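Presented below is the structure to which this report refers.
Labels run A, B, C and D following the written order; every chain starts at residue 1.
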Amino acid sequence: MTVETINKNQQENIISDRQARKSFFSIFLKWEWLLFVLILLVIFINTRLSPFFLNAINLSRTSSDFMEIGLMMLPMVLIIVTGNIDLSVASNMGMSASLMGLMHNMGINIWLAALAGLTLGTLGGVLNGYLVAYVKLPSLVVTLGTFAFFRGIAFGFLGDQAARNYPSQFTFIGQGRVFDTLIPFSVVLFIALALIFGLVLHRTIIGRQLYAIGNNEPAAKYSGVPVEKIKFILFIVSGFISALAGLVLAARFGSTRPDNGTGLELAVITAAVLGGLDINGGKGSMYGATLALVLIGLLRFGMGLLNIQSQVQSMVIGLLLIVSILVPHIGQQIRFLKQVKFRWQSILMTVGLLVVFTAFFIFFFWSRAPIIAQF
Amino acid sequence: MKNRYLIISLVTLIIFSFALSACAPADPEPPVVEDVEEVEEVADPAECENYVLVPKNLGNPYFDTGNVGAQEAAGELGITVLYQGSATADASEQITLLNSLIAQQVCGLAISANDEDALVPTGQAAMEAGIAVVTWDSAIAPAGRDLHINQAELEGIGRVQIEMASRLAGPDGGEIAILSATSTAPNQNAWIEVMEQVLTEPEYANLELVEIVYGDDDDTKSYNEAQALFTKYPDLKVIIAPTTVGIAASARAVTDADLIGQVFVTGLGTPNQMREYVKNGSAPEFALWNPADLAYLSVYAMHALATGEIQASAGETFTAGRLGEYTVEDDPDLGLNVLLGAPFVYDADNIDDFDW
Amino acid sequence: MTTQISRRTTPRINVWDLLARFREVGIIVFILLLGAVVTLRAPSFLTVNNFRDILMNISILAIVALGQTIVILTKGIDLSVSSMIGLVAMMVGFVMRQYPETPIFLIVLLGMALGTIAGSFNSIIITFGKVPPIIATLGTLSVYRGLVFFYSGGTWVNSFELPQSIKMLSKGRLFGVPNLILIALFISIIVYLFLKFTRTGRNIYAVGSNVEAAEYAGIRPQRIIFLVYLISGLLSGIGAVLWVSRFESAQTNTALGFELQTVTAAVIGGVSISGGVGTVTGVVLGAILLGIIQNALTLVRISPFWQLAAQGLLILIAVVLDKVIYTRVARN
Amino acid sequence: MTKSILKLKDISKSFSGVEVLHRVSFDLQPGEVHALLGENGAGKSTLVKVITGYHQPDHGDIYLDDALVQFVDTRDSRQAGIAAIYQELSLFPDLDVAENIFVGRHPQSFGLKVDWRKLYDEAHELLDSLGVTIDLKQKARHLSIAQQQIVEIARAFSINARILIMDEPTSSLTLSEVAELFALVNNLRENGTAIIFISHRLEELFEIADRVTVLRDGNYIATTKSKETSRDDLLRKMVGRTISSQYPKTEAPLGEVVLQVDQLTSEGLFTDISFEVKSGEILGMAGLVGAGRTNVAESIFGIRPATSGKILINGLEVSINSPQQAIGLGLAYVPEDRQQHGLIPAMQITPNISLPKLDDFAKYTWILNKKEKKFAYSAALQMEVRARSIWQLAKELSGGNQQKVVLAKWLSTHPRILILDEPTRGIDVGTKAAVHKLMSDLAADGLAILMISSELPEVIGMSDRIIVMREGFITGHFMRSEATQENVINAATKDVRIENLS
């Protein structure tokens, strides 16, 4: 599409170095602000509905529940910005923590064991990174394989055993609080790393190159961006941080089992996408992802306080995920519908779908009626 | 142009969030906000009414049956017992859930733990907040709870399964195998340990334990594992599955493979799931305690703890409604616990007396 | 077919080229190698009964993986299949419990209809809502699972509550072959014919290969994309009925985690995540390979704790080998 | 007046608030070839897409046989007998050649089953009538660009349309292939098919077109019979002003050899390529599309390193395994495919310009925004990029301005060796002249320039020396003084295989 608006004969400056003027309100209409508003809203509503919501101890305890997800989300944001994905993070975390647990059970010093766990996690990242960057396999496929592989190794290490009785210096990572305040150590760790990752993404050469790769990988390569090297490093970092998250989880649990953290990868991706990241790469910010994490955490906590069942909570988060992508496209949809000339097919289809869905819901409630009656 | 749609989206999201909060169950009298400062205080035992029964996960009939017993106890005691669990049997999900329950300053928690060790810090936090913590079905390590309500002695459960297996294998004995749940399930592993010990007794010398496999409490996986067992061991006589998912899957695998009468399944199961297989002969007998009784007892114990009737020390006694009087015992492995009783053996003669 | 037309075909026959053209050959070779090794260590692998078991075990996987394949052909992915199976299985289970005399074909039809409706919900979000498929189905993955729970109130449908008719749907035999295997075979053939011999089937490949070009060529890509999620729902619905039949129960966690298995089967079967490439034979073989790996690992008594790792490793090897073959060919 | 088969009246079309077509009218008569002419961004391609129903006009009417019609999508227009070859190649890389021709219209038996035998037979016949042989079972992914274009043409012909639209169908065809195509077009015209023909090669229009309609900036300018107009007249109408000398090449003093390539070989792509470029020199590289010229450039730039041979820069042997290394050695490469390789369309002008040399605008990897902005601004000004602001997205610019951004980006790295791959492909006449002027100036400043171009007048007009490639071999070498269109074409179409055998 070629769009050119400038009159070719004009003599004055042909290009400006200023950003296009935006209306005052449009600044507040960025996705990140919407998330912020949503967070305030959730806080407001929850405070009204539950007296336990705005309580420092409770918030402190809840926040540490989400820190492993948060930690793994940081490299995931960078990976998604390049248009890739890492499904193996949670498995990697299980694998590293299991190695650490195994070594701890063998009587090896916990810090040495932790170091070994971090090394193994990083090596897992090396495997992912090598296959994605240099063998050039799609990241979805590679990490789907290592998703099973890493978790399998975790079971191989510990089997039916658990590692427990970690020294309190170690469990401090997951359970401790900083300087007698209520702020958990893991939250401090997360904030520090989030700052670093955010700055790398938004303020450095590497960050710029990540966006370039996500928007147009061949062009980035032709412009001298070391695409392979960056992807390789990215997956290694993801491996390392996953291992770190594994340690935090082990420290929080005070124990390790090989199935620790199963399924967290979907929570990580959900947070990142809800934060406005485009799964196809090239768009999104670290602020957005972090805000989304906070939103999910507060929502979950708030719903928990209201004793909403877990399945319903997942459903709400799932819906929120769909709606968050759906709503910004409403404009497109309206325009699309305006364009469509009224054809009998489209009317028929709409009516048909409505009938089908109505029938479905009638059936849904009718067929479960006997069960409801039982209770 | 673009802005307008963003405004639409903002409004939609706001409406959506309000809708979310409307999902909350109708709470007739939401506590007033001023209470916030007092949350730190230990709940006053006299006014304590809110208790929670936490299963390993929701949507599992075994625990749902437990809830029936719990509600019965709640009715008798005049308290409310909420039934809250995580969506999947996963420790970190359960911890998140427990944290929100602790935050609500409930009076007591009766937990079936997804991870013996990982829940210790959470259990401790609950006790620090003045909440009575008992575990049922699957324990948290002693440091993380006040009391464990033991469904049956480890010894008893392990032994009854070997006894059943021995009966089914016949006088000549033969090869037996164990199909467990996940390799990390604490109660499973404890039972298996006992079973291995019992097998060393001369009485059971003719039984040979050939393999222990894990079905992960997943129906498909358990089914496949059972199938693999009789492919690998053509002379296999008995599969012991000390898990409700595993035993049903194994019995079905035996039925499907037309091996009824050749391979028998036994272990721990629920009547409704096993009814069919008891009758067709693939699993002539199995054992289990009554989960309703277990939860019933747990609620009484939790209430006794919260009201100060007992202080969680060995030798104390309390009365649990229709079940009668129980004593808190101390065990070197289990810590403080209350024993429900011996497991009950279900067979074709009595199974129709139960519907759960 | 019409060889005389392709005049400028490369005359040299090359092993790599053969492997790439008939990707299935690679999987078959892999299966044979694996089979040989396993048979050496565990002779019971090579028995009719064992093979029947393997095929029984992967039948439902193959059916649902075919739906997944059709979706992946258009560059999409359907992560919600497992929850759709769970939902449909529960609803079908409820109906069977309530009305045990319902003729079995009605039950199958019901399952298909319910699956299609669930799939159409995905379709709407993806085509009209312009939500990327991976996000949309990640969302419905939890939404449908939540609905299962809401629907059943946490209860299960147990074996004794189900009539014999549904159980026989998969367990009955024709010429000694269990129905389930025959059904899977039948559906595979139907999907094969659909993808190879109908315009719509070819249009699916076209849309996956180049959406814009498809639009230029008069195909309506949105309709095709709408259709593929519908088909995925339909096949999941069939899978759900078979699931109830085979496992004789409907539980709240039915098929939990199954979505990744279907993607794995498709990927091992040579379906390209970037769309446009993949065959029915490949996917069926991919599912069989997965089944054999699972079965073999148990038979050769690899410690149960290491089985998952071995499985993951084999998947990685399969994918890397495929890539190596492909690059070799591209170089020639 | 004869009756028109297609008539557009006052068509307007806007994209995100920018009007691309403004009240354009157009009419087409049966049995005529009607050329559509205009610079890039004049609205030709949009007009085509409006006719085929890919876009819907915001305003205005379309009449087919004097009846008002409305095309909701390309299906409607196809049913009305309109077929099109679009400018962007629109093949299906994963489908084979035969199926590519019939996608969406597979021949069927019993109205249900795709008849593969018939499909292959018809495809075979069709390609035969075009006088080409392409393996019908080959996947389109593996075709050369020229072959792809032929498949596109075959597809459009297979529809038996009453109206055939050809948007730049000849851009990568050889002369003989173009001749074959024109013979077919003439054939169709005699049978009464109406053809809309778009090309940047003005010579072709005089050869094939009956009438010419000129668009400029989305406005209708004029329609004339091609016999009654001249090249200069058309150019003036297109640009809106007179164009001065087309090839402003000045003689620059030649310096040292800067880039020397010795027996460079990449298996299957090119063999034994040797040449040298001196400072101040423009070396032209001619040949047909697919001769391996781009491959040579890409291997010099480190994107696909060659398997054997040497590259020397300033007399020192270097090994270049990645574009980063190439940039470090003072190389710059303006690639052929602007959208895919040259630019990041979804990013703004500024980051596009600063991408190859981000180190220059950063302190310890920290990007200094002000410095970057200042630099991008001056680079954009210098290249006369026409845009609202340097924060405009690259994809919103016209082809010519995009090329200016690409040039600005590479010049910002201060290269000593500049490789230009089809530097003026698909850009308007005005920008083309500016690019030529720039090349000449850069050479005068001492840069060594390697220019790949398929446009013979450009190669001959701009180069100091010319090398010609054919199927991966160098088949000719001419000084500026001795190069003529004839001997360059001869070298470009020489049969390499025979020469190698001897």
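Going forward, contacts are C-beta pairs under 8 Å (C-beta built on N, C-alpha and C of every residue); 3 or more make two chains touch, one makes a residue touch a chain.
Since the model is a prediction, treat every value here as computed from it, not as a measurement.
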Result of counting contacting C-beta pairs for A-C and B-C, higher pair: A-C
Distance from chain C to chain B - Cα centre to Cα centre, in angstrom: 34
Chain centre separation (chain A, chain C; CA means) in Å: 28
Geometric centre distance via CA averages, chain D-chain A, whole Å: 42
Chain centre separation in whole Å, for chain D relative to chain B (CA means): 70
Residues within chain C bordering two or more other chains: 145, 149, 152, 155, 305
In chain A, residues with contacts to at least two other chains: 155, 159-160, 258, 309, 311-312, 314
For chain D, residues contacting two or more additional chains: none
Touch relationships between chains, expressed as pairs: A-B, A-C, A-D, B-C, C-D
Of all residues in chain A, those that touch chain B in their complex: 23, 25-26, 29, 34, 37-38, 41-42, 45-52, 54-55, 57-58, 61-62, 65, 68, 155, 159-160, 162, 164, 171, 175, 249, 252-255, 257-264, 299-314, 316, 320, 323-324, 327-328, 330-331, 334
Of chain A, residues touching chain D in the complex: 1-6, 8, 13-20, 203-206, 208-209, 211-212, 215-216, 218-226, 282, 339-341, 343
Contacting residues of chain B [partner chain A, same complex]: 1-10, 12-14, 16-18, 20-21, 23-25, 27, 30-36, 39-40, 58-59, 82, 84-88, 90-93, 95-97, 99-105, 115-121, 125, 141, 182-184, 189, 214
Chain B residues touching chain C - in the complex, by the definition given at the top: 57-61, 64, 87-88, 183, 211, 213-214, 218-220, 223-225, 227-228, 231-232, 234, 248-249, 252, 256-257, 272-273, 275-277
Interface residues, chain C side, partner chain D - complex: 1-2, 5-9, 196-199, 201-203, 205-206, 208-210, 212-220, 272, 275-277, 331-332
